[in-house]
Structure formats: structure tokens, C-alpha cells
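Paired with chain B in one complex and with chain C in the other, chain A is shared by the two complexes that follow.
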Partner chain A sequence: MSIKLFRIDDRLIHGQVVVGWGQPLHVGFIVLVDDAVRASPVEQELYRMGVPPHIDVIFASLAEAVAQLPEWDADPRPGIVLAGDIATLAALTENCHRVTRINVGGIHARPGRSERLRFVFLSDAEVEQLQRLAARGVEVTAQDVPTARPVPLAEFT
Partner chain B sequence: MKPPLGRTLLRLFTVQGSWNYERMQGVGVGVAEEPLLRDLAVSRSAAAYRAAVARAAHFFNAHPYLCGMAVGAAARAEHDGTPPDQVERLRTALCGPLGSLGDRLVWAGWLPLNSGLALVGVSLGLGWWTVVGFLALYNAGHVALRWWALRAGWARGMRVAEALRQPVLQRAAAVVGPGMALAMGAALPLAAGYLGGPFPGWARALVAGVAGVGLVLLRLPRLGVTGLRFGLGVVAMALVVGWAWR
Partner chain C sequence: MSNPLRGVIVSHAAVAKALIAAVENITGVSDAFVPVSNDGCDRDALFRMLAEAVGDSPAVLFIDLPGGSCLTGAVSYARGRPELAVVTGVNLAMLLDFVFHRDLAPLAAAQRAAAAGSRAIRTPAA
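Moving on, here comes the complex of A and B:
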């Protein structure tokens, strides 16, 4: 397994991802799966700025990610796959049996969501999405940084 | 009309005041951005102004000294009639680079650089002038950074990445790190000499020995020793020894 972390984080690429997880996992690349960012060179440039030059950043649409995941998984360097919402990673998981663990790293407040953990706010529909993933055998835990305890899905939904 | 950048700068000093887990700096950023959005109520409508202020107060988190760049850029984008979802995506995209740049420039650069210089000043006997100098230099640096960030964001709007690419910024990041290391490297032996001066030779040797043990323990991550725990442990031990010795 070259992909060390499948993460849901609505802040996408930021310090917790690059430094918090990137350093201990010695990542060589980060894949950002997001259709809107894939279509926006301005946003891509900004996200790339937050990442040191020795880490590659790959911007992919969901369709591209489904097609290319096996290739990234065969990369000798450790990597992180990142998406901004549950639906994207759920779709990736459905189309690819390689995803066995999902890290909920940060989903923040929005109308309709309620606080589950300090860094996880979910609507009831989103809770259901996560539970469906878990029912399919995917291990879902919430953990913002590697030094924190991974909180199992049952404890925060 | 002249944009009220000065008023926004003043409000940016309070940006951390409403920090919370739900929106982090969001509310503070909204408060700071509001003066720049006020004329939307005239040029467009009161509803457009209110919607823009509400967007400005959504979740945001970056370095407190640099979030003015996001404030300026988002306000300019609102004036340019950028679609709301694009303004929100710009804000989200700015969190990462502004956070990491600020960490490198300030928390790992400008602040320890100035602290190192202040320690050198105190150790060399400059006394209270060091405190005055530290406050003047440190504050001049971060107020200038805040002002530059706000103006750069306001000038460029959605093209704000251009400001972050500026060579002067890259040079500053490249200079401030080694500068910090130099200042701290000079400060440590000088401060140790200054603090240890009044003690007899054997006590100074003992402190040096304890510091050496601490360094070794910190290098062994399996032990779970942190600088704070070790320091507190040593202080507790010194209190007990001092009390027993009396």
C-alpha cells in the first residue's frame, strides 16, 4: 500500500496535512480529489504554495482518481489521498476496493450540521453516509493529527 | 471612494478575539472585512452587502498576521462581482499557504529572531533598553507585514497568488530562518553565562550536567520526555533538594 492515508478534510491542503501527517509518514505526494479545484488553476497554485517542493501535489477529478488510484498505489513513495467531502471519498471507495480505512480529519460547521467532535460537524445525512461506508467494511475514524487518538465512528455519531 | 483599509487594519488586530472551534478566525475576519464591504450596500443593495458580510464570517483559519491578505482579496473579489461560491473557495484555498508562510516567517522566524536579540541585549547588560528595542522592532515588523498583506490582497482580488509569489517574500523567508538560528545561537551561551554568573562554579557545572542529561533524554522519543515535562521535573527536584538542605 503506497497510499498511507485517505482523508476527508474540508480545508483540503493545509498545515495539519502537510506537516502533521506529511512528516511522520514521509509522504512523497498528495492527491487532492476535488472537481472544482481540478478546474481552477488559481486554486491549484494556492494549494501548491502550502506544500514544500519535495512533495508532489496531484490535482484530480473524481473520475480521474477512480481511474488512477491503482497507479498511485503502485508508486514507491508513500502518499495521501485527500477530499473535501464525504461523498467524494465514498464514491472513490465504491469504485475501488483498495480503500479500507478513512480518516475524518476536519469537517467544519455549516447550516444543518451539528457538532460531533471539535473538528467534526456532520448533518444526519452525512452520518448515514459514513455509517454506510463502515457497513461495507471500511474502518472510519476521526483524527485531526497523528498524535491525537483515532476516534472510532461509533463514538462520534 | 477611498477604501477604509486603515479601519480594516485596526479591526484585524482583534481577529483572534472571537476564535472558536466552529469558525476559528471566521467571525474576526468578517468583522475586519465589513468596512471594505460597506459600499456594496450603495453600489448594489443592502441584501448584497449583508450576504457578503455573512460570507466573510464563514470558517477561516490562517496566520493571524497574514489573514488580512484573505480579507483584502475576498473584499476585492466581492466588489468585482465574483460569484459567491468562488469567493468562498478562494478563502478556503488561502488558509493553507497563508498559514504555512506565516508560521515560517513569524513563529519560526521573526519572533524567535527578536527574542534571541533581546536575550543577547539583556546578557550584555543593556537592561530595559532591550525591552524597548524588542517591542519597537517586533511590532514594527508585524504591523508592516499586516499592512502589506491587506493591501496586497485588496489590490489583486482573485489574482492574490501573484502577491504570494513575490521574490521579496521568498527572500524574506530565506533570510529570516538562518537569521533566527544565528540570533538564538548567540543568545544561548550569553544568556547561560548571564544567568549562571552569580552562582559558584560547582553549581554551574551541575546545571550544565542537568542540561546535558535533558538533551540526551529529549533525543530518545520512546521515553516520552518533552522539554516542558523535563523542565518541570527539574524545578520540582530543585525545590525538594533546596527545602531538605535548609
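Moving on, here comes the complex of A and C:
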């Protein structure tokens, strides 16, 4: 399997993803699944700025990700698939049985959310979304960087 | 005479605060910079903090890394606002230069600070 990490992170492509995970996983590509960024060349340029030239960055809409995931998964290079919210990765999971593990990497404070971990704030509805994923057999853990302990879903919901 | 430019340092963790402490220690100037940390922030929260830090003043936003959430947030915030300019790769040398050239227009001050910061990066023989 080429995709080494399916991650939810509302900061999208940033240091923890590119350096924290990208270095030890030796990633060759990062897929950002985000409809808004996919539609904005300016946003794409910004996100590319933080990525070294040897790592390809692919911007995909959710629909494109559903269609192209098998192709990315067959890529000989290790890769990361990233989304900014639970709903996007949940939809990807529903449409593709290749997603068996999800990393909750960073969901930050907003009105209606409460702190579950230092880097994970969730509303009750978001907790239910994650629990539904787990009920379908997807392993959900929270882990901001590879050196941290992966926290099982039951421990932070 | 117009008010001097404000510097806003946007960083991971407490880098911005530490840099401001160092500037004050070296120059005695204590009102040139405002720190913003991305700790615990998503993009909306970072926008709110930037708005608060910038206020109504023309400003230069100094960002720690040439990529990542601090930069993407700052560039998005500054887009369409000619009273703001952005510099990445902040270091102490560029901040020290900026402190004494806050009478420039934002873009000119940013370019000058970037040049000063670049000149400070060397590999002297030990």
C-alpha cells in the first residue's frame, strides 16, 4: 500500500505534515483533498511553498480523490492523503474500502467544540462522525507527530 | 509625521515572543513588534489574531517558515491590503534592521528587512 497516512488536519499542508511525518515516511507525494483549495490556484501556490521540490503535491476535490485513490495507492512512492475535516475523509472512506486507518492530526478550537486532546477539539456531532467510522471498521487514532503515542478513539471521545 | 510601521511576528510556539525579547534586549525598543503564535489555531482563529495584532496600522508581517500555516494564514490575510507586506524566514538580524527603518512604506521595509536577514546568514570559518 502506497498511502502511508490518511490524516485529518485543519491546517492542511504545514510543518507537522511535511517535516514531522514526511521525513520519516520518506513521502514522495502529498494529496490534499479540499474542494476549496482545488478551485483556487492562489491557495495552491501558497501550500506548495512549504513543500520541498522532491515531494509532489496533488490538489484534489473529493470527487477526484474518490476516483483517483486506487491510482495513488499503486504509486511506488509512499504518500500522504490529507483533508481538513472529518466529513471529507469520512466520505472518502465510504467510497473506498482502501481506507482502513485514519490519523486525527489536528482539529482546533471553534465555538461548539470542546477539548479532547491538546490538538483535538470536537463537537458532539464530530465525535459521532468518528465513532461511525470506527463502527465501520476504520481504526481511528489521534497523533499529531510520529514520535507521539497514537491515542485510540475511545480515549479521546 | 505618520506613525511608524508595526511589525507583527507570526510563528510556531513561542518563537515570536522570544525574538521580540531579544530585540528589546539589544535595542531598548519595546513597541515595534506584536507576537502572534499559531498554537491551537485553525485558520479562522489565526485570522482573528492577525486582525487584532495589525489593528489599523500599516504593518510588516514576519513569518517564521516559508511555508505552513503561519505563512498561508498571513498571506491570505494580507491579500488585497496594500498597507501590509509579508516576509518569511524571520531572523533577529532582519528585525533589528526593521526597528530602525519603520518610516518606510510596508513593501520597502519588508524588502529591506529581507535583504538584511539574508546577509546575516553565513558560514564563517571556525
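Note that the second predicted complex is superposed on the first by the 157 of 157 C-alpha atoms of A that agree within 3 Å, B and C clash if a C-alpha of one lies under 4 Å from a C-alpha of the other, contacts with A are read in each partner's own complex, and residues count from 1 in each chain.
Keep this in mind: a contact is a pair of C-beta atoms (placed from the backbone, for glycine too) under 8 Å apart; a residue touches a chain by one contact, two chains touch by 3 or more.
From a predicted model like this one, the values you see are computed outputs, not experimental measurements.
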item	value
Overlay on chain A: chain C relative to chain B, clash or fit	clash
First (chain B), second (chain C), both or neither touched by A:75	neither
Which of chain B and chain C A:85 touches, first, second, both or neither	neither
Partner chain(s) touched by A:109 [first = chain B, second = chain C, both, neither]	both
Which of chain B and chain C A:64 touches, first, second, both or neither	neither
Touching partner for A:36 - first (chain B), second (chain C), both, neither	first
Contacts of A:139 with chain B and chain C, given as first, second, both or neither	neither
Which superposed partner A:50 touches (first chain B, second chain C, both, neither)	both
Clash with chain C (superposed arrangement) - responsible stretch of chain B out of 23-31, 41-49 or 221-229	23-31
Contact residues of chain A, present in both the chain B and the chain C interface	10-15, 18, 42-43, 46-47, 49-50, 108-109, 118-119
Contact footprint of chain B on chain A as seen in their complex	10-15, 18-19, 36-37, 40, 42-43, 45-47, 49-50, 108-109, 115, 118-119, 121
Contact footprint of chain A on chain B as seen in their complex	21-23, 59, 61, 89-90, 92-97, 99-101, 103, 158-161, 164-165
For the chain A and chain C complex, residues of the former touching the latter	10-15, 18, 42-43, 46-47, 49-51, 107-110, 118-119
Touching residues on chain C, where the partner in the complex is chain A	12, 38, 40-45, 65-69, 71-72, 75-76, 79
